[in-house]
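As written, the chain order gives the labels A, B and C, with residue 1 at the start of each chain.
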Amino acid sequence: MSTDTQPTPDGAPSAEEFEALQSRIDELEDELAAVRSDVDDDPQKMVIIATKGTLDMAYPPLILASTAAAFGYDVTVFHTFWGLEILHEEKADDLKLSSVGNPNMPVPNVVGALPGMDRVTTRMMEKQIADNEVATVRELIETSIDQGVEFQACQMTIDLMDYDEDDFFDEVETGVGAASAFQEMVEADIQLLV
Amino acid sequence: MSTDTQPTPDGAPSAEEFEALQSRIDELEDELAAVRSDVDDDPQKMVIIATKGTLDMAYPPLILASTAAAFGYDVTVFHTFWGLEILHEEKADDLKLSSVGNPNMPVPNVVGALPGMDRVTTRMMEKQIADNEVATVRELIETSIDQGVEFQACQMTIDLMDYDEDDFFDEVETGVGAASAFQEMVEADIQLLV
Amino acid sequence: MSTDTQPTPDGAPSAEEFEALQSRIDELEDELAAVRSDVDDDPQKMVIIATKGTLDMAYPPLILASTAAAFGYDVTVFHTFWGLEILHEEKADDLKLSSVGNPNMPVPNVVGALPGMDRVTTRMMEKQIADNEVATVRELIETSIDQGVEFQACQMTIDLMDYDEDDFFDEVETGVGAASAFQEMVEADIQLLV
């Protein structure tokens, strides 16, 4: 660092003092950039743990995932327990509402328990979804994949449910476990469990 | 801080060098204030996505919302799917437990499936709530509104369920969707899905 | 930025100007360290609100809690409503799946409603868990406690369910409420509700 060499009167800083100050400012700038980068930690990231496999509860993770991706977020959805069914290529089109055990449904339990009633209530909701031009589960999965959402299937649950890696949509990542899902959550700005 | 006062004939900083250093410090101060403001981002904010409409699952979002508001948090609860019923002026007083499909209830499924059993188990819990002086759902909503909690009803679900804007408590905001709920989550310090 | 009045040759900075700059740098360093400490806020902390008491839904909070603890996180699990049963020493070994109201189960509702069917579907899952060498609920609780996970039982729910403090595992903290759970969430980096 070359400096000007004019003599200075009493009390004026020396070149050494000045350079010490410059070094402290250099360090402050580096450190501040590091803090800024920790605070910003771009790209922004969301992780959703999807544990449910009913038709109604398939929507919150998929709608939130595709919305976040549309806003430029990095999104990972880790599917575990019943949530696996959302990623199951055959079952995804056929997720059901329960006609019993859901007091929000307009069907008494004793009727709901009759054979076939899960299908009836499910068709009622599917019709409502179609009539209101709400996307289907498969459409939301495809939109999400197009937008870069990463879908992961919990390997422990795959084993527990005797599923095969080939049962899932092609883009689904298998072989992942809770440790990896947790580490994704650590890096995320938003973590949700459905 | 006292510094050495020996005149230094050689290498003392010029006015230009000194001013350059001052500019760097000015910038550091501004940038640090910006980082500090990002880190603090007052007021603190919590967003809850409420998806359930049973009597038991109405409590977690309402208790957490009113607690957070009491601690000075800005709170938004976005109600979607069955969660809408909590905000439905007629239904809010009449949320039900299920007597079947909930193995934590002390009623066998075959009894629970009898007509009227949802009402019986619901009354059991309502009595427990009253006996223990726990606030009712309506009381918690009113307390939360008084404390400034913002309740939002998902417009897509309103359409899906054929509800009307007037069905909800006066203070409920309608016409909001997942994109707006997501943006509120982005600004929040705590995000939960019930 | 030109200041101050000591004449110096060619506008070189005076001792006063130099010391003012040093003070500003001192302050910047202190403030930056404070921001850094806010951003880092070690130790990292996770809070889980556990509201469910079925066999399947006992796993997500316990697996995430023990995983986070293994990664060095400070973990608190606040159990409320049906989530209390996970901490109940007698009930923890006997959590059930529902054979009705869960359309993901391969049992029609009309069969599921028969007496004893909750036990049948539960045994099916318990066998799958054992066959796949997945830890039991009790094993996960013990592992978590060994790793320093703090389990809390919501006092309001204890009263509501007429439980006694002695009903829970020894290490469970009772007498805690929503306000304390909320404050733990405020300090946490990851908050989840199961």
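What we mean here is this: contacts are C-beta pairs under 8 Å (C-beta built on N, C-alpha and C of every residue); 3 or more make two chains touch, one makes a residue touch a chain.
These figures come from a predicted structure and were not determined experimentally.
Q: Could you tell me which shape the graph of touching chains takes: line, ring, star, complete or other?
A: Topology of the interface graph: complete, with all chain pairs in contact.
Q: Between subunit A and subunit B, two touching copies, which fits better, same or different residues at the interface, with half of the numbers shared as the threshold?
A: Mostly different residues form this interface, as fewer than half of the numbers used are common to both chains.
Q: Just how far, in Å, is the C-alpha centre of subunit B from the one of subunit A?
A: Once rounded, the distance between the two centres reads 18 Å.
Q: Taking the mean of the CA coordinates per chain, how far is subunit B from subunit C in Å?
A: Using C-alpha averages as centres, the distance is 17 Å.
Q: What are the residue numbers in subunit B that touch two or more other chains?
A: 3, 5, 12-14, 18, 21, 25, 28, 32, 35, 39, 98, 100-102, 112-113, 191-193
Q: Considering only the defined contacts, which subunit C positions touch subunit B in the complex?
A: Within the complex, subunit C touches subunit B at residues 1-2, 8, 10-13, 15, 17-19, 21-26, 28, 31-32, 35, 38-39, 49, 51, 53-54, 80-82, 85, 95-102, 112-115, 117-118, 122, 156, 159-161, 178-179, 182-183, 185-186, 191-193.
Q: Using the touch definition from the top, list the residues of subunit B that touch subunit C in their complex.
A: Contacts found on subunit B: 1, 3, 5, 12-16, 18-19, 21-23, 25-26, 28-29, 32, 35-36, 39, 44, 56-57, 59-60, 63-64, 67-68, 70-71, 98, 100-104, 108-110, 112-113, 128-129, 132, 134, 189-194.
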